[in-house]
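Right, one structure below, let's go through it.
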Amino acid sequence: MNEATDFQSTWADRGRLLISCPDRPGIVAAVSRFLYEQGANIVQSDQHTTDPEGGRFFMRVEFQVDHLPDREQELKRAFQHTADTFQMEWRMTLAARKKRLALFVSKEDHCLQELLWRWRIGELHADIAMVISNHRDLEPAVAPFGIPYHHVPVNKETRLEAEVKHLELMKDKVDAVVLARYMQIIPSRTIQAYQNRIINIHHSFLPAFVGAKPYHQAHERGVKIIGATAHYVTEELDQGPIIEQDVQRVDHRCRVEDLKRIGRDVERLVLAKAVNWHLNDQVLVHGNKTVVFR
Amino acid sequence: MNEATDFQSTWADRGRLLISCPDRPGIVAAVSRFLYEQGANIVQSDQHTTDPEGGRFFMRVEFQVDHLPDREQELKRAFQHTADTFQMEWRMTLAARKKRLALFVSKEDHCLQELLWRWRIGELHADIAMVISNHRDLEPAVAPFGIPYHHVPVNKETRLEAEVKHLELMKDKVDAVVLARYMQIIPSRTIQAYQNRIINIHHSFLPAFVGAKPYHQAHERGVKIIGATAHYVTEELDQGPIIEQDVQRVDHRCRVEDLKRIGRDVERLVLAKAVNWHLNDQVLVHGNKTVVFR
Amino acid sequence: MNEATDFQSTWADRGRLLISCPDRPGIVAAVSRFLYEQGANIVQSDQHTTDPEGGRFFMRVEFQVDHLPDREQELKRAFQHTADTFQMEWRMTLAARKKRLALFVSKEDHCLQELLWRWRIGELHADIAMVISNHRDLEPAVAPFGIPYHHVPVNKETRLEAEVKHLELMKDKVDAVVLARYMQIIPSRTIQAYQNRIINIHHSFLPAFVGAKPYHQAHERGVKIIGATAHYVTEELDQGPIIEQDVQRVDHRCRVEDLKRIGRDVERLVLAKAVNWHLNDQVLVHGNKTVVFR
Amino acid sequence: MNEATDFQSTWADRGRLLISCPDRPGIVAAVSRFLYEQGANIVQSDQHTTDPEGGRFFMRVEFQVDHLPDREQELKRAFQHTADTFQMEWRMTLAARKKRLALFVSKEDHCLQELLWRWRIGELHADIAMVISNHRDLEPAVAPFGIPYHHVPVNKETRLEAEVKHLELMKDKVDAVVLARYMQIIPSRTIQAYQNRIINIHHSFLPAFVGAKPYHQAHERGVKIIGATAHYVTEELDQGPIIEQDVQRVDHRCRVEDLKRIGRDVERLVLAKAVNWHLNDQVLVHGNKTVVFR
């Protein structure tokens, strides 16, 4: 919510510091002092602690400093001292350096279209490096955008072979992966190569329905609310850290097709939000949950 | 939503016809003709079919007819002919005849207070015949309302004994039961005696969490939405027909206590809605789901 | 919500009867009897009365009858007798007969894209006859869909001249008009020619802000919620019958650009819903308000 | 959302620092360094800037420090130096020191009941010093809580006389005022005496309706959403800084009574949230808007 969509002359000098460490007194003081001494102005700062006594501390600072692109390495070296003192896991990013995305799709286009549209009007601050699909169906939808479309067929036998192909395609070209209704399981090597950088979207219900045809099950059960969950992909299927969720009301008049249609609308908005927050470094992962600084 | 909260001089003449039968042509024509010939004016009418070809048809008609209280039996007898023709399950109710409720509670008071407050200001068109609890804690909260409070202790050994006591207390005095955070399992005899007339409220999450301490589990998983479900009680625990659901947003800053607090707010509003719809005969049960004519 | 998105073999035989008349006993009986005698099966029926005593009655019946396309004129003639008895305003439509839309746009594309995408995947049961714009900007966005794009420049002096052009373009080709962020006032002749058939979308706030730069005003005032309203266009600017509204939460961190971005998301979903309901004959107008049978 | 509802042994040592000043580099560094040097641990910290270049900076820090009650004055003196450097408006509060509330009511009880119930179960961390009303109607509702109820009749002629009485009653006993559906205008002296400390709740609509009988106007206009706004009271009626807003969906079936009933539910929840945030020092006022650190 706090991201510029219009880019100012100074956007190149906008940096972000993402920190996670054991909580103890003095962290904010040390970080803010470091930035002050470097001549940086804090534009936005968010903190969270799981417990002031012995918990874990999370921090995202957005700052502005002259000549950031030139000084990036120097700042990183300088910060390492503070980081060591507090046993920080940390990273520093440049707001102007766009993350490169690979979009994985199958046959359904609603999430893909949503992302492409937002990308074209400048709402998605990323480079879309490629679209990868196990089908050819969505190739025409991607063509007008001039983005490479790679068709990599997958079946049970060829899953690992396909993965090799995926990893080759993405090597040195992709910072994060968005599964925009990609209906295949992601193998372990990919998950490890892009840890906490693969975002998936799936339907959600109150209560949850396990197994095939979830919309049919939800219809059978007469749920009054359906939703969608965007999460990072982990080895445990659909159990990774939740980034965002949202819901829509439904009622007894909704047929299975209506539930699916309404589900599509929730999915594409939830996925777009989650991707945006990831691109803006607003999501920190803590175990199997997320801290989202909105 | 379409119920009068202020009672007009003619409220005594307001009736409702609830129908469910195999769908086929001519049902609405037959029902509306019957009412017209009886001098009744249709105030509100809702229909739903699961499938026009071979599905089940549901209908709720609210009508106004002079001298309804005197003519009730005559109308019911007269309608039986139409009902037989279409193999209807049906009932006719008088809007002015308040349903008698038993509220079951344990120690938490948020749902109880919500129902008592709405009842006192006239939003809950019911007689609250009694409050039954396995604890004495909420007796003082009920006292000012002049409603009998029955303390019936329950433990694993005494569950069936307690049920006998419950059924005695409610005999001929109670039309429907509301489990307003009653933390005991309802035994089969009670469920059968009050089929589709026992309303329960429980927390709901995306995804669902099975087992103990669900709010702790939801906190562990970092859910972004928590909700509540009001449903009719069936033999299968918490799996009965859903009447209403709603949700609230939460985030990483919420501690378990915050989730519980927010959960309470959702629960009491969802339960109050579900109870109101039940009292107004707006809920029809179809297998394990509901048709709610709002 | 109750519309088929997949078309069955029998879709051609699906009809809709839309009625509005003074409320009095016997209307439903007469209508349902008429349909029954014509061999039609009621698939869905919704009614609403503003007041059972002296109010106005609204009804939408969706029915299925063999050979509807062939029997359309005969059915309409036959129904006129019933209609006269109850002083009905009414119309009968065929579900399979797609309404023809003209989309009016200016420079912003979010509503246009949303409608085009839904139309392409079959969610919008309409023919899009043309796009009309006072600018050339969105011509490339429309081109891939093969829909005629008419550029009709408008300024204060040429408003009526442009209207003549609009009316010529749409003559015999357009059943309804969607103002998908068209930033010009619609003149009277067009409003009268397409009464209750021109749908507009605009931002809405709590409270409302009159005058220029509403998002700036909302930002100044620190609103916590922003919304959008879809309504039929009447002579009184932005005061026509409301079809649908929705909102999103915002907070102090949102800059004007963020409010606009969030506003776009609300606008396109609200407009898409309103257009869909109009296409499915789910909206009846009553004075300056609507009855929406969802 | 981040407030403890259960009080720990260390709650007495929990402090809050609220700051607003011109934005410039070094503020966070100075504040966090001050706290660190005082042996305080930051539990929660939120910042907001209206513009990093020449804007205004807002900060709320929640900290834990041993023996806070004893050290309060010393800490305040010590901080003044930092405050002066940055031209801060600031205050330091003790979380354990409950704010004292006066609740103003007229005849409607929904907001009063909501606040009393939350207060009793410990959700409202305040002392309710008194209830003041221009009517006697709600005296019985307050009696069981043992809170003084002052009946101060008000009419056009006696408005200023009544104000004198109000100010006398509240002198040295009240930190903040909640207008829980108090249907009288608050005179200037009271507004000035309790600047940004009088919270009002009122209905809100899309669009807004000015003048008498707003629910009737909303019904006439056929709105699809109704809401409520909690705001600080300023001299300009209902135009003060907005603290919170929320909405509920309504439709054509809602009569004026239904809109009012639904409006009550929104009002009481929105007011309870706003009061809670005020009590927890989560609301900072900036001109005519608020920064709410949730």
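Labels A, B, C and D are assigned to the chains in the order they are written; within every chain, residues are numbered from 1.
As a working rule, contacts are C-beta pairs under 8 Å (C-beta built on N, C-alpha and C of every residue); 3 or more make two chains touch, one makes a residue touch a chain.
Bear in mind that the values here come from a model prediction, so they are computed numbers and not experimental data.
Chemist: Give me the chains shared as neighbours by subunit B and subunit C.
Modeler: Joint contacts, listed by label: A, D.
Chemist: Taking CA centroids for every chain, report which one is farthest away from subunit A.
Modeler: When every chain centre is compared against subunit A, the largest gap points to B.
Chemist: Averaged over CA atoms, how far is the centre of subunit A from the centre of subunit D? Could you give it in whole Å?
Modeler: So the centroids are 36 Å from each other.
Chemist: Taking the mean of the C-alpha atoms as each chain's centre, how many Å separate subunit C from subunit D?
Modeler: Those two chain centres are 42 Å apart.
Chemist: Can you pull out the residues of subunit A that are in contact with at least two other chains?
Modeler: Only 48, 251, 253, 294 qualify.
Chemist: Looking at which chains touch which, would you call it a line, ring, star, complete or other?
Modeler: complete
Chemist: Help me check something: in the complex, which residues belonging to subunit D touch subunit C?
Modeler: Answer in residue numbers: 48, 204-208, 220-225, 227, 229, 241-242, 244-247, 251-253, 286, 288-292, 294.
Chemist: Per the contact definition, I'd like the list of subunit B residues that touch subunit D in the complex.
Modeler: Touching subunit D from subunit B are residues 1-6, 109-110, 113, 117, 121, 123, 144, 250-251, 253-255, 257-258, 261, 265, 269, 294.
Chemist: Which stretch or stretches of subunit B touch subunit C in the complex?
Modeler: 23-29, 32-33, 35-36, 39-49, 52, 64
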